[in-house]
Every structure is written in C-alpha cells, then in structure tokens.
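Take a look at the structures below.
Below are two complexes that have chain A in common, paired first with chain B and then with chain C.
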Partner chain A sequence: MNAPQASVLDDLPGDLMMWVLILSELAVFGAGLLGFLAVRLTDPPGFAEAQAHLHRTGAGINTLVLVTSGWLAALALEAARAGRRTRLRALLAGAALLGGVFLFLKAQEYADLWAAGLSFDSHAFYTFHMLLTGFHAAHVLAGIVLLGLVGWLATPRAVEAGAAFWHMVDLVWVLLFPVVYLI
Partner chain B sequence: MKYQTQKIALAYFVVAMALFAVQVTMGLVLGWIYISPNFLSEILPFNVGRMLHTNSLIVWLLLGFFGAAYYLIPEEAEREIHSPKLAWLQLAIFVIGTAGVVVTYLFNLFDGNWLLGNEGREFIEQPRWVKVGIVVAALIFLYNISMTVLAGRKTAITNILLLGLWGLALLFLFAFVNPDNLALDKMYWWYIVHLWVEGTWELVMASILAFLMLKLTGVDREVVEKWLYVIAALALFSGILGTGHHYYWIGTPGYWQWIGSIFSSFEVAPFFAMMSFAFVMVWKGRRDHPNKAALLWSLGCATLAFFGAGVWGFLHTLHGVNYYSHGTQITAAHGHLAFYGAYVCLNLAIITYALPHLLGRDPYNQVLNMVSFWLMSGGVVFMTFTLTFAGTIQTHLQRVNGEGYMDVQDQLWLFYAMRFGSGVAVVLGAVLFIYAVLVPRREIIERGASQPAE
Partner chain C sequence: MSVTRAWAWLIALTATSTAVAATGLSGRWLALVVLALAWAKAELILNRYLHLAQAPNIARGFALGLALFMLALTGLAVAIP
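Coming up: the complex of A and B.
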C-alpha cells in the first residue's frame, strides 16, 4: 500500500467539495453570461431597449446590500474562529437578513416586469435576464438557508463553508450586475 | 471470494451475459435490415427488433449492476448479504418479467389491454404487470443491500452505490406517469431515460470503478474516496439540469434551450474526471494485480465513456447544432459508443474481475479476454465513426439541403454496410468474451513478480 501522499488540495482553505461546487457554479454562470453576450451581438438595439425596463437603481442598491452581507459573513468566520458563538450567530443573522432585503428588491423588479407583460418569451434579453438572475436569486435563497444551518452548527469549519458559498453568490452578482444591467 | 453470499453475483452475471448475447445478435439483425430493409419484415418488424436490442441492453446492464452490488457490498460492508433467498427471488422476477415482455412483443399479445398489453413508449414499453414486477424486484433488492450496508461497514463506495441505486429505482416510478399530452409524456419519460444514464447510473459507474481501482491498483481508500465524491458531485450538478438538452423540441418553453445547452455541456466533466481518476490511480498504484484483463476493461471503460458519452455527447448537445442534427445517425453514433464505453465496459470489467474469484479459477485466463476487449472495442469505435460520417452527411443532405428522408437513406448505404461489418466484429468479440470468462480453466500467460493481491 502507498503511504498517504501530500496533495496540493490539502492546502486549500475550507472544504474541497465546497470548492468543487463554487467552481462549477462559476463555470455555469460564466457560460450563461457568454451566451448572453453572444446573442446580444445579434440585436444590440433590442437588448438595450429591453434593458431599460429593469430596475437599475434597485440592482445597484442590491449590489451594496450583498457586498455588505458578504462582509458580515466574513466577520462571522472570524468570530467563529475566536469561539464567540453569540457574535457569530448575530453576524450570520445580519448577513441572512440582508440576503432577504436583496430578494425583496429583486421581487419588486420581477413584479413590475410581470405587470408590464414582460416574461421569458418576450425577448431573448428577458430569457437570459430571468434565467441568470432567477438562478442567482435561487442561490441567494439557498444561501440564506445555508447560513442558518451553519449558524446552528456554529463550528469554524461549517461557517467557513457557508461563508465561501455566500461569497460565491456575491461574486456572481457582481458579474451579473454590470453585464445584464449596465452595459 | 471472502463471503459465501457473493456467489449470488454469479447467477446475475450469467443471466446478464446471456442477454448480452441476445442484445448484440439483435443488433446484427438490425444492422442487416439497414442494408436490406425487407429482411424479416413479416416475422420481426424493425421496431420490435429495435425494442429487443435496446431493452435487452438495459436489462442486462441492470442485472450486471445488481450482480456487481451483490459482489462488492459484502466485501465493502464486511458481512454476508442480508438475505440470499430474496436475491434469488429478485432474479426470478426479473427473468420472468423479461420473458413476459419478449413474448408479449413478438406475438403482439393483449394489444391495448390495460394490464397485459404493451405500453408503446420506447424503453418503458413493458406491460404494466411487468412494471409492477420491476418495482417489487427493485424494492426487494434495495431492502436487501441496504440492510446489509446498514448492519456493516459504511464506505464512500457503498454510499454512492446506494445513492445511485435508490435514485435509479425511485425514478423508475415515473414509468407509471403517462399523461395524454405528448409533450408532458416526453417530459416525464426523460426523467427516467436521461436521469438514469446521465445521473444515477453515473453514480453506480463511479462507485464500481472506484471499487475496481481500489482492488486493482492498491491506492489508498482515502484517495479513492475523495475522487469518488468529486465525481459524484460533478455528475449530479451537470446531469440533473442537463435533462434540458432533451427539452429543445418537444414543446417545452424556449428557456430549456439555454438551460440544456449550458448544463449538458458540463456533463463531459464527470466523465473526464472518471478517466483521469482511473489513469492517475494506475500510475500511483504500486500493486501489480495479476488480473490485467480487468484493468484493461476498467481503463477502456473510463476512456471510451469519456469519448462516447462526453465528447460525442457534446458534439450535438448545443441547441444550435442539435436543431440540425436531431434524430440523425449522429445520435446513433453517440448512443452506441456512450452505452458501450460507460456501461457495457463497466459491467464487463467487474465481471472480468469477479468471475475468477466466483468460479475459483485464479489465476485467470486473460489473453482471450483481452483479445475480446480489442475486438469488441475496435468494432464499436469503427461503428461510431461510420455512423458519425453517415450522420454528418445525413444532416447536410436532409436538414440543410432538404432532401427526402428515404432518398438520403439510399445514399448512406456504404456507411451502413461498413457498420454491419463492425457489428460482426462486436458479436464475435462478445462471444469470445463470454467464452473466455466462463470456459477455459487454465492460465495462458505467465505472470511477473508481483505483490499479493486482495
């Protein structure tokens, strides 16, 4: 039998499986954004017109909300390593609450689009907008559940995994926001 | 063989190989019908022959999986199978059910009967009584192996294997969901067909491959397990929403084109990981296991699965491509190499590994077995190339130029003739394999100095 060999993977902070998930998510959202940009080349005016119906300000505020929430999650990991349970739970609750704010603002946009009769099939722009931000919102929701779970477990390892996932959600939004809402 | 109940696997493997012979023979008949379309048209219509070809494939692969589970679970869990009697009962139900399907189809009995007649849906056309039998047999199987695992040692290999087998059985329940709306019918149909071969079966494949690597290469269990979890995660991540690549043109909303294209593109990842896993384990492993044929089949499985399922799948998975290539011989090329690489080779690998133990014939006959690998694999790969070329031409003539289907078929004759030739090689390879694992008792090649193997 072999002696267990040292692997570069051992130097990875946090859980290997979480990194596999994060890389997979980034690959999927990246492919989605590339698809979006490619299809936009076929109809720039149509995409610009459709984009004007989105809540740009709301999305901008949401960016600040998510980044702040990510900061709270990072502080929670510090608290977890320091063994301060109450503080880490309070910080995670704050992070999750901001996640809720994000979803609330996002829902406003969806509701307005819906009221204007704009949906998946109205234009290729909306197909991508709703797929990308919809998948992302689903991850925010999953992230809130995950933050609750790791807050309940309250071990540094669990909080690290939860925070890593939450930062990924954060990162994806920071990529989606300029591409889908601004340019 | 350390545990008496591992013997159960022998019966499953033998029945599986018998159906394997039926499957490839049927394939040869169908290959000839492509060349001479009226061959047997009165006795054995093409659709019935095709049903026998695909269904005997699926049933023998499943029986192989069951056999593999009965073989490896006692070793992994370190105890005897919970109830051998139930395992025999399960096999009997499967054999009777399979015979029932064949007889019902060949003679078109009870046509339209709710309980006894065939249901006419590709792959899940079994009469309803057979479907109920399959569910009962699956429950018996899951109960039997779950009880064994729960009472014994739990390893990553048994965890992933059980996850795959439970998922496989639960998804089969959608065979009972048959809406009148054809789009919905197809939607649920893919819950079985796709989520089997591109979801749960991949878990079964990864865990059996992991077991073989553990035994054949002697790499640490810890290393094997890490790979196994990553592969399983990649398979589920890409495979579940990858179902969308079947929803392009069946009447489901347009967003499936993007969900399907993006997620199914990543389905190549778990297959690439499995191929890397197999080769890295062999390079890292220090054990020189005498069963070289099992190693050959394992590596061949991982490699051909990557090309057949991964690369050939990706070729036509993007909806912009599939718009033209859908339902042409490209699909047939992919289907043949993917099933062969991923699941046929996997079963033949575990059979090649297990049979010498089960028959008490170590050391093994390997040369014939390895010849059968090259003959069969060469045949299937050649077949894949001929069908890929046929499909490319067909796509252009039929979908781009708009020529009639049958006019195009006439022009593909040369490729179908070459495909028949490769089919002959596959059948000879299959017969040789069955002969090599069951009949000869003496070792043919000398084995080099090696460490003792498990």
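Coming up: the complex of A and C.
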C-alpha cells in the first residue's frame, strides 16, 4: 500500500477549515476596501469631508486595542500548549475584554455620526464606512463569543482555532484603518 | 521573533501611522506611508500571530497575494486627480 503523498497544506498551522474561513473573509473585506477607494475617485472632496466626521483618534486607539488583544490571544495559545489552563483562560478573558473596549469606542463613533444626522445613505463614504466597519464589528462580537467558547473548552486545538479567527479580525482592521480613516 | 516582540513592533508601527497622519501630511505621500506601514503590520500578523513563518511555502503565497492587494490599494489611493 502506498503512503499518502505529502501536501504543502500539511505545513499549515491550525485547521484547514479555519484558513478557508480566513481567506474568504479577507477576500470579502479586500473587495470592499478596493471598492471604497475606486468609488472615492468619483468624489475625492466629498470623501475627504465625510472622513473628517469620523473618530480618527478613537480608531487609532482601537488599533492599539486590537493588536494588544491579538497578542493576549497568541499568548493564550502558548499557555494552552503548556497545559496552563488558568493562564490561558485569563489571557483569553483579557483578549475578549479588549474586544469589548473596541466595540464601545466604535459605538461612540456611530452614536456621534447619528447625532450629527449622518447615516448610511448620507453619502457614499458613509455607506462604505458603515458596511465595512459594521461587518467588522460583527466579527469582533462573534470573536468575543468564540474566545469565550474556546476558553471553556481550553484545549490547544480549540484555542488555536479561536485565536486564528481573532487574528483575522485584527488583520482586517489594520488594513481597514488606514484606508477608511487616514488616507 | 516572539509574539511579544511582534506585538511591540505592531504598537510601534501603529503609533508611527497615527503620528504621520497627525503631522498634516496629506494626499499621495500620506497614502504611500500609511499603506506601507499597514502592509508591514499585516505581514507581522500573518507570520507571527498566525504562525505562517513556520510554513515558508505558504507564507510566500500569502505574501504574494498581500503584495498584489496592497499595490492595488496604493494605485487607487494615489490615482486621485
């Protein structure tokens, strides 16, 4: 009987299905960001004026919050592999808490835009902004639930899958932040 | 590189992006600088947080895809008349 052939996918860290999900999400957000910049070409002054209403500093702080949260999730995986359940749960709780901070700051931005009479259909900028950041925030919320679940399971495989999803959320934000908030 | 060192780099790159934007730099130069910094952050997350550095062949594939995406973003960002 022949031994199964080695595949390049055997080197992939974590579950293949989690990577399929990560690639799918990156493709969706990537298309959204390209669409945003393409539509911006039709009205650069309008996009610049609309961008001025966003919480740029809050979004910068949120980037620090998410990359720190991702660091805690990465440390939780190391703790899981070392069999340190209490530590991994504390680290995942910290990561989830920072996810909550991210959503709180994001909600403040939405509330201020709403109070200023700016909504989804006020300008194409806000349509893209709310679609992209709202979809991302939904992923942050799902990630918080997932971190809680894998913290309860507390196995290295589960923590690796949960942390990978959380890092994908982080990765999307570091690409979204400069495109929507800075340039 | 440890995940803690990767985190320190991510913090430094994020602070640099925000500082560059706060200098008043605008237009094409701002886009070029902050998108380059975002590219570096994305590579760090892929290779260190998601551990693709342990799978060099796959990491190269992701790096190529990310490079093409960042070039497309940059092209659209600097194409403003």
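What to note about this one:
Assume the second predicted complex is superposed on the first by the 178 of 183 C-alpha atoms of A that agree within 3 Å, B and C clash if a C-alpha of one lies under 4 Å from a C-alpha of the other, contacts with A are read in each partner's own complex, and residues count from 1 in each chain.
By definition in this document, a contact is a pair of C-beta atoms (placed from the backbone, for glycine too) under 8 Å apart; a residue touches a chain by one contact, two chains touch by 3 or more.
Note that this is a predicted model, so its numbers are computed, not measured.
Judged by the touch definition given at the top, the superposed model places A:L97 against neither chain B nor chain C. Touch criterion met: A:V8 reaches chain C, while chain B stays clear of it.
Which of chain B and chain C touches more residues of chain A is settled by the count: it is C. Of the two partner chains, chain B is the only one touched by A:M130; chain C is not.
Of the two partner chains, chain B is the only one that A:M17 touches; chain C does not reach it.
Shared-chain residue A:A158: touches no atom of chain B or chain C. In the superposition on chain A, A:L182 makes contact with chain C only, not with chain B.
Taken together, the two complexes place residues 9 of chain A in contact with chain B and also with chain C. Of all the residues in chain A, the ones that touch chain B in their complex are 1-2, 4-5, 9, 16-17, 20-21, 24, 27-28, 31-32, 35, 120-121, 127-128, 130-131. Note for the complex: chain C touches chain A at residues 3-4, 6-7, 10-11, 14-15, 17-18, 21, 30-31, 34-35, 37-38, 41-42, 45-46, 48-52, 54-55, 57-58, 69, 72-73, 76-77, 79-81. Those residues of chain B that touch chain A in the complex are listed here as 218-220, 222-223, 226, 229-230, 233-234, 237-238, 253-255, 258-259, 261-263, 265-266, 269, 284-286. Across the complex, chain C is touched by residues 8-9, 11-14, 22, 30, 33-34, 37-38, 40-41, 44, 56-57, 60, 63-64, 67-68, 70-71, 73-75, 78, 163-164, 167-168, 170-171, 174-175, 177-179, 182-183 of chain A.
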